[in-house]
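Have a look at these structures, which come just after this line.
Next, two complexes with chain A in common: one pairs it with chain B, the other with chain C.
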Partner chain A sequence: MKDERDRTILPEWLPPGAAIVAGLALISTSVLLAGAARAPSREKAMWTFARPHYLMYEPRVKEWNASGHTPFDLRLLSLPAMERRMMASFLGDVPCADVLEVERRGVSRTFGGPLESVGFVDLTDTLKKEGLLEEINAPSFSPWTTRGRVFGLPHDVHPVMLGYRADLVEAAGIDVSKIETWEDFARVMKPLMADKNGDGEPDRFLLNMWETNQDHLEVLLLQAGGGFFDEHERPILDNPVNVRVLATIATWLAGPARIAADAPNFTAAGNKLKADGYVVASFFPDWMGDIWKHEIPSLGGKMKLMPLPAWDKGGRRTSVWGGTMLGIPKTAVQKPGDFDKLWEFCKALYISDQFMRDLYREGGIVTPVKKYWSDPIFDEPNAYFSGQPAGRLYINQAPNVPMRNSSPYNTFAMYRVVDALVKLTEEARQAKRYDMATLEARARVFLKEAQAQVESAIQRNVFMDQAGGGS
Partner chain B sequence: MTPPTSTRGATRIAEAVGDAHVPRRRSRGLAGLIPWLFLSPFLVCFALFTLYPLVQSVVLSMQTTFGPGATRFVGVSNYRGLMQDPLFWTALRNTAVYTLGSLFIQLPLALGLALGLETPNLRGRGWVRLLLFSPSMVGVVFAAMMFSLIFEKQTGLANQGLRSLLSMVGVDWSLDFGWLQQHVMATLIIASLWMYVGFNMTFFSAALQNVRKDLIEASVVDGAGPIRRFWTVTVPAIRPVAGFVVLMSVIGSFQLFELPFIMFNNTAGPDNRAMTIVLYLFQNGFETGDLGYASAIGWALAVILVACAAVQRLTARGEEAAT
Partner chain C sequence: MSLRMTRVLAWIWTRGVLLLAAVLTLIPFAWLVASSFKSNEEFFRSTLLPVENRRIAWERLTTEPYARLFREMDFSRGLVNSLFLSSVTGIVATLCCAMGGYALAKYKFRGRGLCTALVLAAVLIPPPLIIAPTYQLLYRLDLLDSFAGLILPALAPAFGVFLFRQAIVSGVPNDLLEAARLDGAGEWRTFVMVVLPLVRPMIGTFLMVTFLGMWNNFIAPQVIIQDPARFPLSVAVAELRRGYYNDYGLQMAGTVVSIVPVMILFLVMQKDFVSGLTSGAVKA
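Right, the complex of A and B next:
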């Protein structure tokens, strides 16, 4: 025993286990101290949440860095990860990235407190001074605007059209130019729902839509002129337009006039159903075409776009789905000159003809900068949409895109309206009552419940007087 | 003579020989500090990372807050709001239904499987145990994604399988059957059954292996049949383990979050049928940003769990006293 002790280099009072722990502690502390002492990076950081955006920006950022500007480090994060880090940064007043590309629902969450607590730099005066408020399509600002102040540079317009299986429609001899309203759509397209294989079920349905899909519901509510909040961010869930839309959708989903079925987006199962022709038409914001091109290439040349059927003759033929902005967190602006450097980068990325082309070529997305809308790139035939000039079709609808709002209770309100639609549809199925009068009466009841829940949530927020609700 | 190795030893010797040079008081004081010195890393960490956040969350539950610059004290109005909030009650009801499903379906099934695997001379016992236990080694996220695909309409394995099976007996099962729309709680219970029944079975198996063989043999000699043996010998013997499994199941069920969150694509499912207490806490705290209200929900959950634990302890004590 004594011989073994003599062989170690450790003193008698230091057991080997303790020596290992102490050694590890020493190494980790040194690494931490060395990291802390390292000079701060000269690079600014930009975070984005979408891989196509990341791939599109990468060469632009490299060019920017090579041209002697303040270098930027572009990073791709998953959407939930980015939104959580952003919220943690804003709520904890700690730095995150210098420039953030954020999705619509993530941004509205940052508007829950008093105006001075919003984590993004207020861009209103800069946008006014540089004429960008006029240059950019007005509805594109609405999701980033709270209490009259704009906190983001818009990336897109995202008008919605109806993408349909031209091969099936044309084979059935249907002329879509005769479709002006949703009623026309159901009537004119009805022959496609024939039960040719004799199993008692229609072979296909006309519209890809289900009561649990909040995006589809929002598209239709906004198109009809309804929605969740008014321009003062007061909840208006039980308004007559929403009542009518919910009751009509219930007839699409259940009963003898059923025309809709569920072929979920972004899933292999849903893509299979679409490729098999289970649904004829789907809602198509401008970004959707690129996704279908990659996920369902077999439908290339079989699809076409048409404006959304209106709710009433002469009504709006489009809606809006999704949205992204570029924002500068307040924590990134520490000293004079910081904002200017970051703003120059934002403009170079979003407000350039190069970006407009990349955005359309690589993502099918139409720029919100109106002066570029006359560019011939938008007239190029799109092979996926059977040679239609998809860009031009979307731009024709862009000025009519409905305004949205940025209430922090948007998501909460949307889920409550979805709850109302689910209850309404299930009740109709159980009671087998599909007449509009009954459905509207029940929709009113369910929407009133939803309205009460949203009001109660807003009332808990003592900052909401300043946030707009009720003021 | 071996030299004294501790201060206390030195003090004792000093007392014995009356040596005035040994600093008696100081040594005792230092000796008294040593345990605290050893405990201090834990105590510091406990105070910093457990005690302080606990106290802070009580304070937060009485505030409406939006970042460091916007905090208002609102007293108990978050708790009052909770009592009047229909969504909270929906969440509580769903969680309770799921918990009851876990208790009354999962645990008897786990016990039944454990009893079945204790059958003497059973071949392949180890393999069956491994097979039943293995789902609990799979992550909840993976299981949730798998079940969301299985229960899809039209293309899901559940509807396709049922259609094929039932067509053999002339029943036409609709591929439009909405597992994830109309039968939310059933899908959650089935998914959790798949994940945890084998896990709970191992606890019961261990308990069953410790049932005294002499008692079983004595009951056989006394003429007790298998059912009587089960109720009068096996059940009392495994009661402590069963109590533990019940308590852990209740706590785990009340903390249900990932399974519905992933299965229903980050939502509470149609008409909030998959809304659980923790999911509602998450939605309020991290989606709406109402951390005060979320803290109040968290404390409501803590009170419910403490009450469940207290009931379980009282029941166990009563049974112990009765035996």
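Right, the complex of A and C next:
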């Protein structure tokens, strides 16, 4: 019997699949060669990671290019792509873009070496000279500041409020103006946790939060005055404020006083739970409203904002979540005049009344430039938040936003504190011990372990001594 | 119970278990395909297919995500880019690795042992470790943002060279090579007409592995390619998932589009792939 292959035109060593792949190679090469004409690249490039930002900047960059300035090419990259390229470029000392719009966690990674090796141009003196250090809300600089030097132009303030299901709260006859502290919140809202369907579990929980969510934990720690590092970038994970916050959160997550449940943000499952009313309130930085509008349009007109309940009477009613900056990589400044051109572009993009309006109208984000805060645009009623003037509510909180630090170990420290909270909550569930004294004692132990881990990691970095960042 | 009855029950049991396993395996895929025909709103309303009054509400499904992929997101470009990168890398890398493996297996030259040791050592280096140096090297060679920057570093992977070396050592007798040379075949002819047919299963397997590797390659294109017009599908699909805004139907449609071509290719090449994997498993 003849081999089937003998009847084919293929050489003996070539499997049919390989012939198909070779055919694909030929066809795709031809298609690519046919459309090989490349769009001419502009003289300078700016990268951003957020589509809403890209859409907002596109017309402004076109205007800039049309007005005779050095033309810019605006590109949208995913956040991980941008961070990988940025780090590869900084570590390899090769150019990437001329202007980078970067998110907070990506920036802190670039601060891991000596000050002179930070890949961004130091903007401190320029900001001082032009009065921008006073003009812009001070806490907005903190994520871009290391060892007293500022490396970015802030994009935002990102105060945090509590967004709650006004339809459910008002139907239950609850008056949120009576809520001043987290204790009040749990007490006043408690009727919403009734078990009406009789399955032995509350029908809904008061707060969207879980022990594994690092963002929520950071929001609460910063609000309480705790955090991961002091102003000299020294780790302070086991400070008494953190101990108290962790112990309190553990009681929210487990035991008879539980009020919180997990409806994860930016996920389909979490959105469904929110739409179903499984959680009553969620942490709402100013950028979150626009996301909910797109992802959960069914809650339009059913939500309202209120200041975060304080940890103590008279305490801080807000916190901060997220942040973006514009930075100029050192590799983009090769000859005299380069910096001035790029700096002009950065200011034209971020420091203008037009940008302030676009930022608020298209993203719900409040500008960090204080002189614009009196603009009537922030008093416009917001339909998603049942007609509340969302912008004004956020601006009222903006000056009180806590300062942050930019330690390259911030993310590492945050996950160590999350570990501590997970251990604490799990241990409480196992032992069924939820009294504050026990929880605080155990939180102290777990946070000391976390502190030791962070100190050990920092001590391995010889460059951090320069920062006074070692322990 | 008769033997026949036992066999029938065993047959039913085996098929039943396999069928159940197949169904469980296919559920996520069915969900993916069903979700790719849904709007964002519908995505949250129904799990698999939308049901109304005990019938499937086909009218609630839409092909709009697919239309948007090709109309707005220029997915056809990503598809062509992926096909180009994967097929060209697959073909050329297979040829290069086969030649490299042949040289290490059958040629005696000074430093052969050192070369083999270097190839083996290169297998041990984790790829993420060389992202920054590769980026710098590609920049110096002016290959950033080019297909060549992706294809060239993938042309002779140490794993492939070593794989072919082993296949040729165990599957190509020296006597056969001697006979070919006595018959007047040159080195290239010996390689193409004698060596390659004997390692044919390995060619199919390695081609498939390289094709899939480049098709699924995400980090390298994400770092090296900067112009969205050159993004392969792996990056284009990831770009559909934005930090905060998600169009789930669009993401699922993008995922379906990205897996269908490789699924077809795998079905065509599965015989070669499996025979390559199992070659050498049983001593002749």
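Throughout what follows, the second predicted complex is superposed on the first by the 427 of 471 C-alpha atoms of A that agree within 3 Å, B and C clash if a C-alpha of one lies under 4 Å from a C-alpha of the other, contacts with A are read in each partner's own complex, and residues count from 1 in each chain.
What we mean here is this: a contact is a pair of C-beta atoms (placed from the backbone, for glycine too) under 8 Å apart; a residue touches a chain by one contact, two chains touch by 3 or more.
Bear in mind that the values here come from a model prediction, so they are computed numbers and not experimental data.
Chemist: Which partner does A:257 reach: the first (chain B), the second (chain C), both, or neither?
Modeler: Neither partner.
Chemist: With both complexes overlaid on chain A, does A:87 touch chain B (first), chain C (second), both or neither?
Modeler: A:87 sits against chain B and chain C alike.
Chemist: Tell me which partner A:28 touches in the superposition: chain B (first), chain C (second), both or neither.
Modeler: After superposition on chain A, A:28 lies in contact with chain C alone.
Chemist: For A:436, is the partner it touches chain B (first), chain C (second), both, or none of the two (neither)?
Modeler: After superposition on chain A, A:436 lies in contact with neither partner.
Chemist: After lining up the shared chain so the two structures overlap, which partner does A:114 touch, if you call chain B first and chain C second: first, second, both or neither?
Modeler: first
Chemist: Is A:272 touching the first partner chain B, the second partner chain C, both, or neither of them?
Modeler: Both partners, chain B and chain C.
Chemist: Touching A:194 in the superposition: chain B (first), chain C (second), both, neither?
Modeler: neither
Chemist: Using the superposition on chain A as set up above, list the residues of chain A that contact both chain B and chain C.
Modeler: The answer is residues 80, 84, 87, 91-93, 272 of chain A.
Chemist: Touching chain A in the complex: which residues of chain B?
Modeler: Counting only chain B, the residues touching chain A are 64, 66-70, 72, 74, 77-78, 81, 84-87, 149, 152-156, 176, 181-182, 266-272, 283, 286-291, 293.
Chemist: Going by the contact rule set out above, which residues of chain A touch chain B in the complex?
Modeler: Chain A residues touching chain B: 80, 84, 87, 90-93, 109-110, 112-114, 116-117, 119, 211-212, 214, 261-262, 264, 267, 269, 272-273, 278, 408-409, 411-412, 415, 418-419, 422-423, 426, 453, 456-457, 460-463.
Chemist: What residues of chain C sit close enough to touch chain A in their complex?
Modeler: Going by the criterion above, the answer is residues 40-41, 43-44, 80-81, 83-84, 86-88, 90-91, 94, 131-133, 135-136, 139-140, 147, 192-193, 196-197, 200, 203-204, 207-208, 211, 219, 222-223, 226-229, 235, 238-239, 241-246, 248, 265, 268-269, 272-273.
Chemist: Per the contact definition, I'd like the list of chain A residues that touch chain C in the complex.
Modeler: 11-18, 20-22, 24-25, 27-29, 31-32, 38-39, 49-52, 75-81, 84-85, 87-89, 91-95, 266, 268, 271-272, 275, 287, 291, 294-295, 297
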